[in-house]
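These are the structures in question, set out in turn.
In what follows, subunit A forms one complex with subunit B and a second complex with subunit C.
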Partner chain A sequence: MLKIIIPTIMLIPLTWMSKPNMIWINTTTYGLLISLISLFYLNQPNDNTLNSSLMFFSDSLSAPLLALTTWLLPLMLMASQHHLSKEPLTRKKLYISMLILLQLFLIMTFTASELIFFYILFEATLIPTLIIITRWGSQTERLNAGLYFLFYTLMGSLPLLVALLYIHNFMGSLNFLMIQYWIQPLPNSWSNIFLWLACMMAFMVKMPLYGLHLWLPKAHVEAPIAGSMVLAAVLLKLGGYGMMRITTLLNPLTNFMAYPFMMLSLWGMIMTSSICLRQTDLKSLIAYSSVSHMALVIVAVLIQTPWSYMGATALMIAHGLTSSMLFCLANSNYERIHSRTMILARGLQTLLPLMAAWWLLASLTNLALPPTINLIGELFVVMSSFSWSNITIILMGINIIITALYSLYMLITTQRGKYSHHIKNIKPSFTRENALMTLHLLPLLLLSLNPKIILGPIY
Partner chain B sequence: MNMFSSCMITALVILTLPIIMSSTKLYKNKLYPYYVKTATSYAFMISMIPTMMFIYSGQEMIISNWHWMTIQTMKLSMSFKLDYFSMIFVPVALFVTWSIMEFSMWYMHSDPYINRFFKYLLLFLITMMVLVTANNMFQLFIGWEGVGIMSFLLIGWWYGRTDANTAALQAVLYNRIGDVGFIMAMAWFQLNLNTWDLQQIFITTNDNFNLPLLGLLLAATGKSAQFGLHPWLPSAMEGPTPVSALLHSSTMVVAGVFLLIRFHPLMEHNQTIQTLTLCLGAITTLLTAICALTQNDIKKIVAFSTSSQLGLMMVTIGINQPYLAFLHICTHAFFKAMLFMCSGSIIHSLNDEQDIRKMGGLFKVLPFTTTSLIIGSLALTGMPFLTGFYSKDLIIESANTSNTNAWALLITLVATSLTAAYSTRIMFFALLGQPRFSPMILINENNPLLINSIKRLLIGSVFAGYIISHSITPTTIPQMTMPHYLKMTALAVTILGFILALELNLTTQGLKFNYPSNYFKFSSLLGYYPTIMHRLTPKTSLTISQKSASMLLDSIWLENILPKSISYFQMKSSTLISNQKGLIKLYFLSFMLTMILSLLILNYHG
Partner chain C sequence: MKPPILIIIMATIMTGTMIVMLSSHWLLIWIGFEMNMLAIIPILMKKYNPRAMEASTKYFLTQATASMLLMMGVTINLLYSGQWVVSKISNPIASIMMTTALTMKLGLSPFHFWVPEVTQGITLMSGMILLTWQKIAPMSILYQISPSINTNLLMLMALTSVLVGGWGGLNQTQLRKIMAYSSIAHMGWMAAIITYNPTMMVLNLTLYILMTLSTFMLFMLNSSTTTLSLSHMWNKFPLITSMILILMLSLGGLPPLSGFIPKWMIIQELTKNNMIIIPTLMAITALLNLYFYLRLTYSTALTMFPSTNNMKMKWQFEYTKKATLLPPLIITSTMLLPLTPMLSVLD
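What follows is the complex of A and B.
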């Protein structure tokens, strides 16, 4: 694992020592090279895991997320160039260093083999994210958003620390690879119920579960583009990853503890997607759509069947790329229109036809057009929830309909219609932006050819 | 090894070539539409070879080539099913598309993005081919969703118009409701039969197929615009006329019926679903025929007649005659596409005038279009020995002789009669009588692109029914004997419709224009369905999402319960407990007193 971690650390000196006009290109190229290394981990030759050392391992659940993380850093760098063009050099470098630091923490989180180590890194990712949001956000509300972000996730995860210490006490180890063999079924008692809650809530807040999701739209709206991208693409997936890892410890309590959360997710998925129908703010719409998609992941993880796990893993990767792409598109609009209000950007297809094609493809993947991996993820989740209870198909069906509706509503409002006068003299789309969208779409399309590498360990 | 599979694959590959070429310089070429059209015609001719082989020897085939993935016990691979249905439908669809593409070269010639338009048409055709030839449900779903999205793109072709965008969104919404049914059926099959392969689904037996079949029926309802989910089809007329001709008459909208035909091995023993299908089809065919009666937009009339014919196909499936329904799909494609092209020709000639009240007397200025329109309408009504006769007459006969729901039968007969009525209305208002259009318009239909494409379909509308029904192998035994009056019913109701409509139309010229009656309003306002469903439901759901989901829950309750209340209590308790109250004078006084005291005490002590 060091062959990813050390190059990532070395990115920081690269940033600070690069010539002023080379900082973006150097870091982006270097980041892309690192992401190539991470692709090797997608090949999991044996069914088990690849142990890199006592501290780090990767299996087919963490490898796709790892690849996603490393893939996203160059994309974030490409996306933020324009946004930072007016900042002084030191601040640019600081910004890049923060992103690199975040990637470093994320890589280690996804590959940590020890739960406490995982927890520490899980918390550590908050720091660079908080700095990115509160330092480089565009409005004063960013402070409030940072506050929400920090406190929701901290409050959720502090009980997890206690729970982990307790588990360590009676199990003797917190190593992922070991505890799956040592695990005893938890007896049904009040204390164990609290243990379950403590373990799961940290990740549920991170996902976020409906009801605890308020921090997400705020953080997304206020964060600069790179913050939104990494938040939607990777940080939310930390929650899903953690849940899938930790549920092995918590059987058989999950069988009945899942019910309230399942209900909340199913309900929240419809609520949040119907909120999307009424959003005027582009970024907020995408943020709520993330909440609704992540609710599907929560449902899938709580159902705990092979199909649902495969669906959850596939959906996490697919949503990571799709929502990140949508945020990029929103940002490219914002840089031209200087507003996040959708109606102000109407008729952009006339002026930027290629960008309209990206918008179309992004919306189509967001509404899970077959045969994209988004569909594979959603389909598997729907299948497993259908087998869990036939009635859920009604809720899932409503959600499918609303998802299609708001995705196309977003497309039509921003791209179609007559263009308004204030957008007549906007800049054409840059090669950088088109490359950015292509780099988001390419993995999506290639993965649809061979989805089994992102279907997780149970595949 | 014979040429069966290789020819079929060649035909499909030829279709993808212009799509691949669209990344090259060729795409910028003015001749790109021509290439696309030629590719389609080649694909048609090549696909005729396996079809001929099928007709000759009746061989069917499954091509299973690329293994996509295996999920635990379920294998998903790319496979094509070349059986009766796909072998007959593929050439028909390619033939119709070929003509429509030629027609659009004329109709869209002034569009700056005509190349893109052709690419979209071709993409649509490819997804349709995927749908028709799919051998497993996943592949079918790819085609199913693909045609839906292409229909969205093509309806919203003139994206500057709000109406076009709304219609496109409406089409996707109604289709999406159907997709939920499809997904449910997929989930059920996966769960209970552990397969998506059609063969494996059909050989496994299960007591109760009600749930998946209901799902499939819902899917077909959405895609084929059956009652309840029907308003999108007339709205889709906002798209360009070639799109209406291709998607919304001959190919995409029949996908729902096609789906039910594909799954008829499961349906043929299920009385409940059959009855449901029958009633649904009957209601659709009547309601849309009634709506067609009072429309004034020529495309809307044709669209409603499509919807009515789709209802008739559903009725046919409901009386357990899938092969007949399929035959009707094939014959319908010819004359309905031609009707749309004729109306496109009229609309284009009259400077985008779609209102039949402003046409009239076109038989003198557009003789060829008039001929085709009349033949198409006659074929539609089931005039003997034209294409429509061979399927429609059989459908009505077998409905008459089956022991089916008498009401559904009666409704269908009424709708058949109405078909003749609204066809007469188009002919009467658009073609006959005195001209009512502006005399300044220069009308010219003598463009080979237009004439040839319509001519080709015209020949199809006259002969295709005969050719198809006489060359395919017989499948279900048709009703051989029946009383005279039953044999003549179809013809009688049609002639009745013709005569009535002609008389009524003639009387309209001499009469004062009355205040519209309630029946008229019911028909012209489309049965009040869009008025109710397109106002009430969106308004309530959008209000709910705004008021309760967004404002009440998100901005008030969730905000207040957690963050706001915590900060509020923290603030209150900290002010309560804190010593600091901001009483500066008092603090300074006490400070001064202690200072003085300490000074005094310390000094004296020293």
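What follows is the complex of A and C.
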């Protein structure tokens, strides 16, 4: 694992010591090379995990997420080039260093093998994200957004610390590989209920669960483009990944405790999808769509069947790429008209036809068109929740319809129809933007040819 | 203050604390406390204004009362055990009196009222000495009598201190008062595990002193005592603003900075002793602390505070303020987390 971590650390001296006109080129290139290294971990033999050392390991659940994280760094750097072009050199280097630091913490989080190590890095990812949102966001609401983001997450995760230390004392070790063999069933009692809550609330807030999702629209909207990309694509998946790891310790109490959260997620996904239909702010629409997709992942993880775990993993990877791509598209709009209001930039298909093609593909993957991996994820989750309880098919069906509705609404409002008059002066699409969209879309489409690498450890 | 006098006073302060830490006779410990207190009064009164005099009077009154309470506890212990040596105190009355006296010296709740007012009335340098060096002596005595301290009393004091430290600091903009409330909260964390594992208290004290020294030195670089003056730092020392950011996050106890080490270790020790609710409550209340540190970083490093245009053009004088040992202090206050397994040297 050091072969990924040390190069990532070394990216920081690379930014600070490169020539001023080479900082973006250098970091993007080396970031892409590092992501090639992480692809080696996708080759997982059988059921075993690949243990790299005492502290790091990778299995078929963490390897796709690791590949997603390392793939995203060069994409973030490409996306940030425009809005940072006017800043002084030191601030550019600081921004890139924050992104690299965040990348480093994320890599270590996804490959951590001990739960307290995972916790420390889970919290550590908050600091660079807070700095990126609060320092480089564009509106005054970013201060509030940073506060909400930090405190919602910390409120959830401090009980997790206490619970992990308690489990450590109880079980003797928190090394994830060893603890699989020592698990004892968790009976139903008041103190065990609080233990379950303490363990899960941190990840519920991070996912986010419907009632605790207030931080997400604020943070996603106020963050600069790289912040939004990494928030939507990776940081939400930290919650899903953590939940999947820690539910191994919490059986069979999960069957009893899961009901309120299932209800919240099932209702919440419909609510947030419906809110998307009434949004005027483009980034806010994509943020609420993230909540809706993540609610599906929560449902899948709480059901705990093999199909649902496969669906959850596939959905996490697919949603990461799709959501990040949608944020890049929204940002390309924002950079031209400096407003996030959807109706201000209409009819873009006549002016930027290639970008309209990317918008079409992104919206289609967002609404889970076959045969993309988004569909595989959603379908597996729908089927497994149907086997858990027949009635959920109604809610899932309504959700799929409303998802299609708002994705197409977003597409039609921004691309089709007569263009608004003031956007005749916008610059044509840059090659950088087209490359960005291609790099998002290519993994998404190619994975539909071989989805078994993202189907997780149960496959 | 003339240099020879300053040297004598500083030497007396240090000697006083050394006498407290190194002696095993209760009378000598009391003598050490009194020496320390009397010598620090002129330091607190360096600036000759009524506010400083009020601060030093308040300090003197509380510390003298606490010393007398300590002496009473010592005498009762002498009555029941017949010896002056510092050892396990079998009489509960004596132990409660000593604990109360020492917590009064430290500024733990409910005896915390003097800390913000005294810290506010004195200069930044004196405040630094007050909040760091003066905590060493009472803590060392608490360490020595830790087997005989009444856990309920100290845990109650610790819990209320963390609450007071968190809530009290919320409405402050004066940096010295913010640091005073931060001191109350950190002392609360330290007091919570003295009876369970005193080594963690030493760890917390060491890291707290390192972080507070760094913070005060960064404030002294700009001679800033209010949030407003701290917010002008981006103009003169942009690097220092990033340092303040990291330091404040470390004081708040965020991983992966070293301020997280004491919180992690203390929660671990408390859970080992089957207490779950108290560390959860303390950890969540520490978030209040984090809120006002974060507010400081917002105004300093992350936003450009509204200021008039002539504030933005500062005279670029030559850099003359002495910041002793600032780089190592900052590094130890923020990057020590990977070295946590080295904790065993503290035993």
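Note that the second predicted complex is superposed on the first by the 458 of 459 C-alpha atoms of A that agree within 3 Å, B and C clash if a C-alpha of one lies under 4 Å from a C-alpha of the other, contacts with A are read in each partner's own complex, and residues count from 1 in each chain.
The rule is short, and it goes like this: a residue touches a chain if its C-beta (ideal position, glycine included) is under 8 Å from a C-beta of that chain, and two chains touch if they have at least 3 such contacts.
Values in this document were obtained by computation on a predicted structure and should not be read as measured data.
**Q** If you stack the two complexes on chain A, which partner ends up touching A:I131: first (subunit B), second (subunit C), both, or neither?
**A** In the superposed model, A:I131 contacts subunit C only, not subunit B.
**Q** Touching A:M383, do we find subunit B (first), subunit C (second), both, or neither?
**A** A:M383 contacts subunit B only, not subunit C.
**Q** Once chain A of both complexes is superposed, is A:L455 in touch with subunit B (first), subunit C (second), both, or neither?
**A** A:L455 sits against subunit B, while subunit C stays out of touch.
**Q** Considering only touches as defined above, state whether A:F151 meets subunit B (first), subunit C (second), both or neither.
**A** A:F151 contacts both subunit B and subunit C.
**Q** Look at A:T350 in the shared chain and tell me whether it touches subunit B only, subunit C only, both, or neither; answer first, second, both or neither.
**A** first
**Q** Once the structures are superposed on A, label A:E123 by its partner contacts, choosing first (subunit B), second (subunit C), both or neither.
**A** second
**Q** With the two structures laid over each other on chain A, which partner does A:L143 touch: subunit B (first), subunit C (second), both, or neither?
**A** Second partner only.
**Q** Please indicate which partner A:L165 is in contact with in the superposed arrangement: first for subunit B, second for subunit C, both, or neither.
**A** second
**Q** When the two structures are laid over each other on chain A, which of subunit B and subunit C touches more residues of subunit A?
**A** Counting contacted residues of subunit A, the larger count belongs to B.
**Q** After the superposition on A, what does A:I426 contact: first (subunit B), second (subunit C), both or neither?
**A** In the superposition, A:I426 touches no partner, neither subunit B nor subunit C.
**Q** Which parts of subunit A are in contact with subunit B and also with subunit C?
**A** In subunit A, positions 151 sit in both the subunit B and subunit C interfaces.
**Q** What part of subunit C is in contact with subunit A in the complex they form?
**A** On the subunit C side, the touching residues are 238, 245, 249, 254-256, 260, 264, 267-268, 271-272, 276, 279-280, 283-284, 287, 290-291, 294, 298, 301-303, 337.
**Q** Once bound in the complex, which stretches of subunit A touch subunit C?
**A** Counting only subunit A, the residues touching subunit C are 90, 105, 119-121, 123-124, 126-127, 131, 134-135, 143, 146-147, 150-151, 154-155, 158-159, 161-162, 165-166, 168-169, 194, 198.
**Q** In their shared complex, at which residues does subunit A touch subunit B?
**A** Those residues of subunit A that touch subunit B are 148, 151-152, 211-214, 271-272, 274-275, 277-278, 306-307, 310, 347, 349-350, 360, 364, 369-371, 379, 382-383, 386-387, 390, 393, 396-397, 400-401, 404-405, 408-409, 412, 415-418, 450-452, 455, 459.
**Q** Which of the residues in subunit B end up touching subunit A in this complex?
**A** Interface residues on the subunit B side: 69, 71-72, 138, 141-142, 145-146, 149, 152-153, 156, 159-160, 162, 165, 168-169, 172-173, 176-177, 179-180, 183-184, 186-188, 190-191, 211, 541-542, 544-546, 549-550, 553-554, 558-559, 562-563.
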